[in-house]
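A single structure is presented below for examination.
Residue numbering begins at 1 within each chain, and the chains themselves are lettered A, B, C, D, E, F, G and H in the order written.
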Amino acid sequence: MTIRVYLSGEIHTDWREQIIKGASDLDVHFASPVTDHDASDDCGVSIMGAETEKFWHDNKGAKLNAIRTRKGIADADIVVVRFGEKYKQWNAAFDAGYAAALGKSLVIMHGADHQHALKEVDAAALAVTETPEQVIQILRYVQDGTLPRERAGYD
Amino acid sequence: MTIRVYLSGEIHTDWREQIIKGASDLDVHFASPVTDHDASDDCGVSIMGAETEKFWHDNKGAKLNAIRTRKGIADADIVVVRFGEKYKQWNAAFDAGYAAALGKSLVIMHGADHQHALKEVDAAALAVTETPEQVIQILRYVQDGTLPRERAGYD
Amino acid sequence: MTIRVYLSGEIHTDWREQIIKGASDLDVHFASPVTDHDASDDCGVSIMGAETEKFWHDNKGAKLNAIRTRKGIADADIVVVRFGEKYKQWNAAFDAGYAAALGKSLVIMHGADHQHALKEVDAAALAVTETPEQVIQILRYVQDGTLPRERAGYD
Amino acid sequence: MTIRVYLSGEIHTDWREQIIKGASDLDVHFASPVTDHDASDDCGVSIMGAETEKFWHDNKGAKLNAIRTRKGIADADIVVVRFGEKYKQWNAAFDAGYAAALGKSLVIMHGADHQHALKEVDAAALAVTETPEQVIQILRYVQDGTLPRERAGYD
Amino acid sequence: MTIRVYLSGEIHTDWREQIIKGASDLDVHFASPVTDHDASDDCGVSIMGAETEKFWHDNKGAKLNAIRTRKGIADADIVVVRFGEKYKQWNAAFDAGYAAALGKSLVIMHGADHQHALKEVDAAALAVTETPEQVIQILRYVQDGTLPRERAGYD
Amino acid sequence: MTIRVYLSGEIHTDWREQIIKGASDLDVHFASPVTDHDASDDCGVSIMGAETEKFWHDNKGAKLNAIRTRKGIADADIVVVRFGEKYKQWNAAFDAGYAAALGKSLVIMHGADHQHALKEVDAAALAVTETPEQVIQILRYVQDGTLPRERAGYD
Amino acid sequence: MTIRVYLSGEIHTDWREQIIKGASDLDVHFASPVTDHDASDDCGVSIMGAETEKFWHDNKGAKLNAIRTRKGIADADIVVVRFGEKYKQWNAAFDAGYAAALGKSLVIMHGADHQHALKEVDAAALAVTETPEQVIQILRYVQDGTLPRERAGYD
Amino acid sequence: MTIRVYLSGEIHTDWREQIIKGASDLDVHFASPVTDHDASDDCGVSIMGAETEKFWHDNKGAKLNAIRTRKGIADADIVVVRFGEKYKQWNAAFDAGYAAALGKSLVIMHGADHQHALKEVDAAALAVTETPEQVIQILRYVQDGTLPRERAGYD
């Protein structure tokens, strides 16, 4: 059972690389948005010509990036969305909503201080995590049923 | 042609009331989330019992609110999503993504300072506005083809 | 905003009547399966002719009941599924799964002793309740945002 | 023609192994839930942290298991659901309903004593069986048209 | 609960009128194909111009009739398909397949002598009947749970 | 049976008015794009602010018009698309393709000189006509089975 | 571009073998129902136990065959349905309707004497043929654009 | 991440070959309509027999071509539609509308003189281009995030 995972959200830390490396022995295919911030911002005008208005500069780029994002989400079994410490990250929340409406399994990652602000997003998720290690453990469990050693049984 | 509109997002100003009032002569039905902030936060535990963990307190409430939100979006022809000056507003972006994936016509409202951060959301929209008056004009135009007096023709 | 609700599951107590009565001032339309146990069991052979095998006797009836059940679920915004104290009630769990796959908002009702056995069903729900009164409160909140008096706020 | 089969339901006997072994010469891919009972119960808290409330302990686990279950059903051509002699098995009936709503071909397995209680589930199935051997014969017939030797012709 | 019913198939007897009359006290809306045989055959050329080839004469008419048929089936909760004693009636079987793929509840009517030839169609139905009276009884039971007086209970 | 019709395409003659008037005794609801050419061209900038680039001037307007067009097509049972004598009319062909993909019943109107260029569009239609009178006759026939007096029977 | 084709309908001549052989150099995958008439009739009771009623004997078999048929149609790009000289062949017309509702490309095969009776089925098809050779030519053209030597140009 | 691209529209220049060659180092699969103009016009009658009416000659061919076109669009992640300098090209606009309704990512190609006439089509696109080189750059960026050397950054 090959699992396809789309890694959406924060692009300023190496969380994607950690997950991809940690799951390298699993039968999981990963897809991501373009994470080069400058390329992502300027792709539209770089290919289709400059704009004088910032709005249209951004609009051209965001639409071009949407070609990749929508395919990534549409092809995925699981969409992992990470909210980092900074920035608005509305595109991350937008991706989460988009994935939820398509019935994708949502895994959300964020620190404790974002808990209240993300409650609607978390409520649509099948798992809420804080670390890449937890996402790796989830992928491992979903694929082959293996749990990490020290386990927190109920009684 | 009755138009059904869902008004999502910011709940701290009276933009919904302005739109509803301004469009009162049109054949438009409006739906909204519960905009009483306290009720929205506490609805889950209020009905289904208190929680000791804040996460589950919020989770219960967010899921209960989702019953209303999802029906509102599912029934809508047009989803208007307003991003205010403050707060994370990830639920607004989540609603926008959810509505986009369902093929709803998106109308986004926000001030100029949020332009870059909302570029992915704007790129999925059929109209990007700043004021309730513009949304009223859009609804009026969509319904009966009437434009405001002073018009900005191209040539 | 008219809300359409399908009341699935246990047919031996008057929980449906309690909900319908308690929500009589709301703009909610209710649908239910046929709750006359004998009619539900014998409807197939009663109309389409007797069977010598119990399996086909039941099969004819279950299919005929499915005409009503599927329309009820398909038309609903919210599907409430109640698990009573006794019986297997696999049809209730089947309805819950069917509704979940169609993206309906699920509200589950059951007593505390069924908690562990129903964990997968509860996990697909937007609300888990114990009493008809709670379902009425949910419908009231979803429709007009009103909560019961004594409220359990978080802090 | 590769056939993809999801084996849902009872986890206390080796019926899955019997089917997989008996169909090993066919072009059939099998998927299953995690059948290690303890892992399945504790997976959520094991990865995402302990809960003080049993309800949330179970909720975390059930949602995590749903990632695997939903992919298994979504990818399947045929969903086989077995009801054993004991336990409530509401998750099995939930899976059956979920699969039925997605238009999957349902094959149900159960003993004669569950016949009446499972009549609604059976009525949604394309085949109702009692033994793993019958499921193997069905897969063989669906794939290459071969029937078992001793055949019960009508005339 | 308004039930919408499409009455497909045989057009040489008054079975539609019998059903519509017998169900006149129920909240059921009926739709049907054009049952005037000559009009149905010639409608295409009558409006859009004559054809020299019989194939295109028929093609024009069949497509025009499809506008009505497809709306009738798409809008229906229940599709009743009657196979009469004579004629090929491939359009009736086509409608049944079309309705089945859309997930409509199928009720089939035919005499005993067509049983074997219609086994695939019957296998997709939720009820197989012989008379208009049985269809009326089904509609009555689906709507209000009432069964005919003399009932064939199992034990 | 209320029939909902969307009238797409050419906006320089009064064909819509002819059809609406000719079908005024039928239970047909009509919807149309905004047919005021100037309003349609300038609506975007008129409400949301002027653009210096013609491309974005047009883009803003076309997206705003799409809110109305998509609702009109989505709500329709039948989409009538008329190609006039002049202009590119790519939006008409776009609407036809959009409607075809949604499974709407397509009725195409055009003169004989466009026959070859429109062959792919005609091939997706259930009726190809030349005049408003023919469309009225089609609507009348689809609704109540009545054909015009002088009829072109086959033999 | 691999093309997947389902060959439905008449099972008494070798038309399937002719098509499969004639298209053996193309990248086309074929699927078919079980064409062993006796196996197809008795498969249900052979695996799941004898029935005393012919109706249920047939019902068990028809449902089991539906597992294969529905997968074959669901996986197909093109569904070819052949109507032979004899028999009712309602299952062929049912398959055609089922495939049409799923938006599959329909290719119909039949002799001239069935033309009028099959007009509704033909009207839903993208090609109407008489011989296996024509179906092979269609598959060849769809795949690589090659037409047979002697061609009937218009001018 | 394999990307599937359908190249629709103008068939008189070698733009398809330019794109396919320029993207030959990428993991992109291309599909196209039959671009042999004569074969495309005459395919229907060539295989299924001559017609005396030009309308039906064209109709047969257009439907046969639709088998390939619809599969090409249905399988695609991205649909590129090119409008050339000449001809009506309504089939290109039809394909664009068809692809848009299916939620495909649309990339439109045309010269500046068609800008106003194509504004509705452009408004549905995620990228509007003029040259094959731009499409190649888009495919390269979508697949591996690489942009052309000289880049037009905003500030």
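Assume a residue touches a chain if its C-beta (ideal position, glycine included) is under 8 Å from a C-beta of that chain, and two chains touch if they have at least 3 such contacts.
Since this is a predicted model, take the numbers as computed values, not measurements.
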{"item": "Type of subunit E:subunit G copy interface by residue overlap (half), same or different", "value": "same"}
{"item": "F-H compared against C-E, more contacting pairs", "value": "F-H"}
{"item": "Subunit G-subunit H separation of Cα centroids, rounded to whole Å", "value": "31"}
{"item": "Chain centre separation (subunit E, subunit H; CA means) in Å", "value": "42"}
{"item": "Per-residue multi-chain contacts in subunit B, two or more chains", "value": "54, 63, 66, 103, 128"}
{"item": "Residues on subunit B engaged by subunit A in the complex (per definition of touch)", "value": "54-55, 58-59, 61-63, 65-66, 69, 83, 87-102, 114-124, 128"}
{"item": "Residues on subunit H engaged by subunit A in the complex (per definition of touch)", "value": "1, 3, 77-78, 103, 105, 107, 125-129, 134, 137-138, 141-142, 145-148, 151-154"}
{"item": "Interfacial residue positions of subunit A with respect to subunit H in the complex", "value": "31, 34-36, 38-39, 41-50, 54, 57, 60, 63-64, 66-68, 70-72, 75"}
